[in-house]
Amino acid sequence: MEKIVINQYKRPRLTSPVLVGGLPGIGNIGKIAAEYLVEKLKMEKFADVFSQYLPPQVFIDDAGVVRLVRNTIYYKKIAGKSDLLILVGDFQGTTQEGQYEMSYHILELARKLNVSMIYTLGGYSTGKIVDTPRVLGAVTSENLLKSLQDSGVVFPKGEPGGGIVGSAGVMLGLGKELFDLPGACLMGETSGYFADPKGAKEVVRILVSLLGLKVDLSDLEERSRQIEQITEKMQEDVQGKTQQKEDLGYFG
Amino acid sequence: MEKIVINQYKRPRLTSPVLVGGLPGIGNIGKIAAEYLVEKLKMEKFADVFSQYLPPQVFIDDAGVVRLVRNTIYYKKIAGKSDLLILVGDFQGTTQEGQYEMSYHILELARKLNVSMIYTLGGYSTGKIVDTPRVLGAVTSENLLKSLQDSGVVFPKGEPGGGIVGSAGVMLGLGKELFDLPGACLMGETSGYFADPKGAKEVVRILVSLLGLKVDLSDLEERSRQIEQITEKMQEDVQGKTQQKEDLGYFG
Amino acid sequence: MEKIVINQYKRPRLTSPVLVGGLPGIGNIGKIAAEYLVEKLKMEKFADVFSQYLPPQVFIDDAGVVRLVRNTIYYKKIAGKSDLLILVGDFQGTTQEGQYEMSYHILELARKLNVSMIYTLGGYSTGKIVDTPRVLGAVTSENLLKSLQDSGVVFPKGEPGGGIVGSAGVMLGLGKELFDLPGACLMGETSGYFADPKGAKEVVRILVSLLGLKVDLSDLEERSRQIEQITEKMQEDVQGKTQQKEDLGYFG
Amino acid sequence: MEKIVINQYKRPRLTSPVLVGGLPGIGNIGKIAAEYLVEKLKMEKFADVFSQYLPPQVFIDDAGVVRLVRNTIYYKKIAGKSDLLILVGDFQGTTQEGQYEMSYHILELARKLNVSMIYTLGGYSTGKIVDTPRVLGAVTSENLLKSLQDSGVVFPKGEPGGGIVGSAGVMLGLGKELFDLPGACLMGETSGYFADPKGAKEVVRILVSLLGLKVDLSDLEERSRQIEQITEKMQEDVQGKTQQKEDLGYFG
């Protein structure tokens, strides 16, 4: 079989579309953000990407029907603006070769569709709970910096230290070097310890501003609050226990 | 060499055959069930599948003759019913790529042979001894549910939680997405701790009913009883020792 | 690059040659035996096999000259008998794919050269010092059994239990299934703990008898004696220490 | 995508150029030495090598601009002498196949450019701090020994024991066997515990002498001194502490 098979279901005429990539990764920020946009913008399925670079696995839905693991591209025509393509998926390519090949195939499709700009979404792991997550950026060329900075993206020197590993980085890198496609990565800060809607919310907020769209963020806010309550509760429990220990110290 | 080589030995005219896949896996349910059918139905060898996705190994029979590891397809013409193809084998593909490629090659052959339906057989690990194993199901589309439910297959929501990993899943997933081939997976419950003829028997019982065939299950019943005796004996030994320890408790 | 590159240096006319394969493996029996024959029969270099299935490494000889790791085939025309090809090498293919591909390429060459029979040489690990190593056999078809048994090869039922893993097995298996080439494996018993000239000597002794050749075994006998002295010395040391401990027991 | 993509930016007419390879490795000697030459000789970019044999990763520069990981070839025309090509890079190929393929592609380019000689640079790990690092050599044929020995390269018998693993070895080995390209490896002695400018300086000193070039080594000398001060300080600290412990022994 072809190592990557793209089943394209629709042939819409798209006007210099923007491609947004949000695959699973640190804090699942990219996936949460991208799937939120797909849902809120009621986007339509454009294509499925099946590949032997993904695990050999089917999921089973509540009705008992199997679903081969995949990446999926959604689209939406947006009057008076760049149309939108969003890539989501169950997994990133599981090998180094898979990382390159899957990004390359998506970029080939992007070129065919006259994609004008790529945004990849991801998380930036801080290793501790973040109260007000920033959105860090990286771009394929300096002329993209200003619009991102104006939208609130920060570019702290030396962060992320190891660069960007995986799909969010490779799509930009290959896009720049082999496809001459401009792109930017938006990385929401996250502890990295759990799927983090709070960092995802910040990424969505900045991305829709960059795209000139309006998207209701209240569901992500609600999910962020729930996570916050859980983590606060956990911290209280830990502190409570620590306090208890201290109170009981003289019995120790 | 070709990564997968299919040596086809016979060219029978088959009428919309059903393909059954039973490769090694959890509790070896699929392999035991499929090999049992091959033997009881006196099926003939159709083709061998050799591949560099299988271990680089030969087995040696009692006469000292080597046998390269393989998958094998058997066939049987069945008057007035769909003909039957059964896939068995020494191993599943050992890599992610191998899983996809081996399933894909079998599906290509299935399409050439006008296969009308695929059943993959497997085990569902419960992690504890099962007295009366159920057969869980998964299908490629909802219209297949009823006939399976009528035959006693159950579709509990959320099980198996991680979906189906390996050949039994990938053959259905690729069959559905790239070959438009309907299929179902039958998973016999098993502890997963040993090769389990009891779960296999339930899978065979339901499969032959779905295929409208009659197969004597007494040999699998006998093997199940032997396994049951062994596990009961082991449990008694454990309990006996526990009891002994309790009896001797005051000496402890 | 081609995954496997065969640099053929000579184009001798060979008469239904026999191919002997002796690559590194258990006790290094196959490699020691094959290299011994190459040396004693003063064989000429036929071809080098380079491959990305071998480690990315060069060795350096005493003069400071590099030598890319490889497999090498030697040949010798033998008046009135089958000519001889012997495969030796620094490594076996390091991956499963490499195992199949390297054997397949050698077999393609063998077919082109009208090879009439393949012998693969290997070790059979007993896990303990063997006083008089037997040579175990495996064949591609029953009609080869008698000549081997007559030469002293034994075929104990159920040994080796896991069959033959690696080049010595795959060359026979692929040769039989895809090239219709008869073959046999000769496995010298060895502890498997060190490179073992004693087991290798038995393999050479039987092989030259099968080939109708005469080869002086005294060098292998000498090396076997040296190894025996070393292992005996080690055993004495161990026993001596055990004895000493016992003698000193009352000081313990 | 092609597994290796070479983006060539310049088409200079080169006269029987010498190719120098300095990729990351032991003590990073090769990379430090090669990059030093690129900088000091103000070499121009010739080509970038992108590959799925490199990690799926981008680095981010201080301006926030991404840079796909790569190997890069620089060139310099040198009046009256062989022109110069230098290969540097972020990583070596990360797999065995990658090691062979990346070296092979570079060698194909080298042949196209009429490269007359290859020098690969690397480190030779001594496992302890080296006061006056020697430069060890290995060559593709004996006729290259004299000029290297005259320049101060040493060829101690049996060193390096395991030969040369990775790019510095494979480029020579493939160059010799498949491209008939002469080559030599220069290995600077290093503890191997850190990126080592001292060993790199010795390699550069000998290489520029072999190339008949003049390069100011003072920056590498300065960096070596800094490293020396740090390691001396560390040794003093360790000795100080040991001394302290001894002084305080009677309090122990």
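Order of writing sets the labels: A, B, C and D. Residues in every chain begin at 1.
Criterion: a residue touches a chain if its C-beta (ideal position, glycine included) is under 8 Å from a C-beta of that chain, and two chains touch if they have at least 3 such contacts.
These numbers were taken from a predicted model, which means no experiment stands behind them.
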{"item": "Interface composition of copies chain C and chain D: same or different, split at half", "value": "different"}
{"item": "Rounded Å distance, chain A centre to chain C centre (Cα mean)", "value": "54"}
{"item": "Length of the line joining the C-alpha centres of chain B and chain C, rounded to whole Å", "value": "38"}
{"item": "Overlap residues in chain B, where contacts from two or more other chains coincide", "value": "none"}
{"item": "Pairwise touch network: line, ring, star, complete, or other", "value": "ring"}
{"item": "All chain pairs that touch each other", "value": "A-B, A-D, B-C, C-D"}
{"item": "Chain A-touching residues of chain D, taken from the complex the two chains share", "value": "1, 3, 5, 7, 48, 50, 52-60, 62-69, 94-95"}
{"item": "Of all residues in chain A, those that touch chain D in their complex", "value": "96-97, 99-101, 103-104, 137-142, 145, 155, 157-160, 162-167, 169-170, 172-174, 176-178, 185"}
